[in-house]
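Labels run A, B, C and D following the written order; every chain starts at residue 1.
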């Protein structure tokens, strides 16, 4: 006998908490009062650098260049709990930013037209009429500001351990940066990245990428891209087999970022076309340490760090909100109609996602280090 | 002041439990007594079909064709708990297979040579001398037999709901199947797949893929590939934003499979090179139901199912154990030496991973359906 | 060989999240900016009654009678997220109250004297100098305001299902209420309770209890008591064996309330002195429903609800902050000295804990109902 | 508008996994093939003492004295995974015992009569006809053999740290042991306990307790009791506020043991009748260490260990299966009838629960020590 799906729709958001020991709980909506995060599991006795968190937040702040939405937000971080005398106390840290430049009129106008590849339909199926649809509510990229605040806290600890993280724009549309960077010195690369308005490393390629974005924008269209993320100075032995794999946990976090549609570690999809003799990374000895002569494994074997840089690349789809006319369904009339989306949108979301990717990497790696007992007690210092 | 990593190595495996409501706990080693799984969260009152579980297990059993290892295992499933009168009782189900054809001599011989892209080094860093290294112990692909047993239980419920799952070999090395299959009828495709020894759908392409594997094998080498997985008849509204995204949870599970190095949903990495106007899936109406005219989103938008088939592709690296001579480090002498790996290995692991991918998909999706209240009470029937 | 404890002190607070599907995350400190809670897992489409939450909060608000601390707080709840058009959206709800009447001077003065049975010593052992010690920081009873806000949200749903919860003061010091109340009509009992300033049901006993508190207060001392909590209209079949036992989960929540030192279900400790023939609750039939003729099991057998009222009693220790002179250690001089604690303290915390106990009961039971699929979809209505 | 409970009964057992870092997953049934446990999170490099586990199991084995059921089981532990060369590997350890002396005939005979205070009714409400009712299936005390095996693994580590755990019979029915034992030397007390057949410490009191049990047995009745558990040598600073409280986690584990109806820490319910000046434990200095002059807090303040012995007492109800005639409902005829339970039952379950209580204490405390980073790396030794 066959069953029917239960018609008890689950109209809840599921779990907004991520991590085992360094746990973050996300809350807030795009056009609600705030976007916030509770960070649980941060050790006591850490100098808390609010400016650093603000500087990280600024990297994804909207309205900063030609290449982003015109929404203007100060995105000034406010601490609600967990800090005392500018130090962490071991208590949960609640951080928020207030939403200010909210213009929800555009969303009202076309409430019945399902924007293609947007969440209107699935939200309706899941939450009925009750979701806060303004600015995509809980599905907005703005929610990732919470990831960035938590990531900036994680990075403060990782920085002290000389762990470096860099995500850069590897491709925009058809324009790709094929350079092979000396990943051991991420500081220099980070300086280089600042010169590009879109988070690229090679300024010539950056110019071509910018043109790609401008063209899309001029055409009322959008464009996708890829981001490469590198983490250095992770000791060997972090992670574990099966469900505790670094790849499992990083990918789980990365797909929490809206618009991500793919991830690969090291050679990734290219590895699928290689022979073992090409792909295998031979072990060698460098200054007395065991290393590999190349890094097609992306720093992770069997779910565990090898001590080589961790490298992964993600695929970001083109922004689904475009001004171009598209076909869609009017769910009131249940007829197919034209839709032309107004409102303020990023023609390419890649540059602003860069810091979010770094934040997720920082959160996952710190969580592993904490649960695996590799963070020394701050109290000892 | 900068910190040093704590020298307290965490010599534990981390978490061997996966899922929220349909939870699986994995145990066992490649050359230990058993490989097993405890499945928790299965409803009472379900006819338990042991033969079906066995038939699923047989799909990944070694020693079945020219293209796999010569290790011979019966892999006969045994039920230790949770079943009464051939029905599920609501209690945890413990399933095991016994290891029989165990030959650990090969592993002893080269204990000091770190096999390239293999876990020898990271295991040593994590567990010291204490890991069960025989047959890669806990890191062996054989551990996935537990995923298959759990997946077969999940599939029994999904089958009753007419949810279909199919994973097929999309590419081996440079040979790729570019066909666009009518994914709505997976039963026919499943029949087609049975005709190929390596889990491909197009027999002509299959022959070329087989040659690719044979060539690698003849050359003492190995080769990678990709697997495409399709899930049909999932209603819209399953999943959620950020950490509850279907993409997050599927990818977390998929990277638990040894040798996987990438995953993409729908157009995936191709989406990163597209314009929004190309990538967006226009909504339309088909027989009164809301559908999209194409499916570059892979059936998931905003982490939530759209009602279209869920489609993802994974990248599998070439088997790291190869007979070809490679350079590596002898950790006893700390010198670089040649290594030539003996033992029984799969020249290409892709065909045997197919059913594991389906199993993970089944486990994740059933977990979502259970926690979201979409599985009707079996007691009602 | 014997080991030594690692000197890596874990200076983190542990896990501030509670629940499986209805999850609450607590944050804030007694003398910090706010006390708050994030509530995750609340269904969409529920009319959100802010006044109800406020009225619940008011029940534990300080400064309301002779029997509580003189700290005056408005404890006005503010919604930061999750509500739209006065309805729940399915998103996490963040609720806060601001701390206003903060007087931390008293805590500075005796920083080096370990208050007896207070957290000064254990905080120092766990967090070194970094904890926010003001007003006991994160260990303050004020943190339970977050439980009350979350509990009030849970109660709104339970109320719609006619589930009633009542906690009342059963004893203060030696004065105990031995009455056997007709627990099936909790509404009437709730009205009765309002007449007592200290949450008792029998006004004569209440007067004696008040005297007990007044005497303790006059003597610069404090006094403990017990609270009985009753939950009615829970259907049979909720809960589960071992780790999913209703008793396990309720007790885990209840011991999260500062000052609780014991819990018993039904006859509890009295049951340990009974014969099976006395304690067993005979099954019978009432109006066609299966019931028991008495309820020494407290509505729970084998961890599962029987359909009878759930009844448990908790032991609350006397407030540890007392004005009486006590002996203690000065951790600066490492000498034993006298201590006389100043500041504003409750001579008896029992009356204010009542609503917290109800809140925990509501949270645990709603979590069970949600995860067991017993809450009907609000969308259907 | 009021709602109705969903009629979707959740016919699953809930969560059979307990712990955060030291996780145990329980499986098996009383009259099925096995009772087992998977232990996850055990460090690598620990000498695994199978005899010790067996000796712990023997303490709860049935059929050993006049005071227990006549069911005879060898309860011989078998290792399915996780051990290599008699050492732990860091992998999950699966341990089982086989069920042999199974006599299910008695259960068939009275299938329609709901045994008073037994799980027949709630099982039926939760699982319909599908539960394995034989020997109470999953609700049997026999399931706790899994807790004992896991506890014995935990104790092996705790023993190395000189942590001692002792649970003893404090009362049987009306007979109570009022002695105040010198809890600092648990080894001597453990030797003393071995002299009593029922786990008591004072042999005179033990004799009276035995008479209490014999009388109940002779009368076809049963009797309850209390167990006191002491844990010594826990350093101060373990645990945390609210949900991470040692009291929360111990009580959650303890109520997983069938027949437990109450728990209290330190003075417990007695504390509720005390003044603050009586109950508060004054801090003092002993041999340079900070201690308290008495221990009414039971070694835990604010959810955190004080360094004093952890002491708690639990209430165990009388065995519900008694031979005496009782009234109950026949669910087939829906009439009230007499029931006289046959089969093999313990007239008092207290003596056999002792080791289970110790096991739960060991599991919870080791979990805290592991997650708080207080267990030194075994690899260092």
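Convention: a contact is a pair of C-beta atoms (placed from the backbone, for glycine too) under 8 Å apart; a residue touches a chain by one contact, two chains touch by 3 or more.
Please read all numbers here as calculations on a predicted model, not as lab measurements.
Farthest chain from chain A (centres taken as the mean of C-alpha atoms): D. A count of contacting C-beta pairs for A-D and for B-D identifies B-D as the more extensively joined pair.
In this assembly, the C-alpha centroid of chain A lies 25 Å from the C-alpha centroid of chain B. Computed from the mean C-alpha positions, the centre of chain A lies at a distance of 45 Å from the centre of chain D.
Taking each chain's centre as the average of its CA atoms, chain B and chain D sit 38 Å apart. In chain B, the residues touching two or more other chains are 6, 8-10, 12-17, 20-21, 26, 126, 138, 371, 373, 376-378. On chain C, the positions that touch chain B within their shared complex are 6, 8, 20-21, 371, 373, 377. Those residues of chain C lying in contact with chain A across their complex are 7-13, 15-17, 21, 23, 25-29, 32-34, 36, 38, 40-45, 79-82, 84, 87-94, 96, 126-132, 134, 137-138, 370, 373, 376-380.
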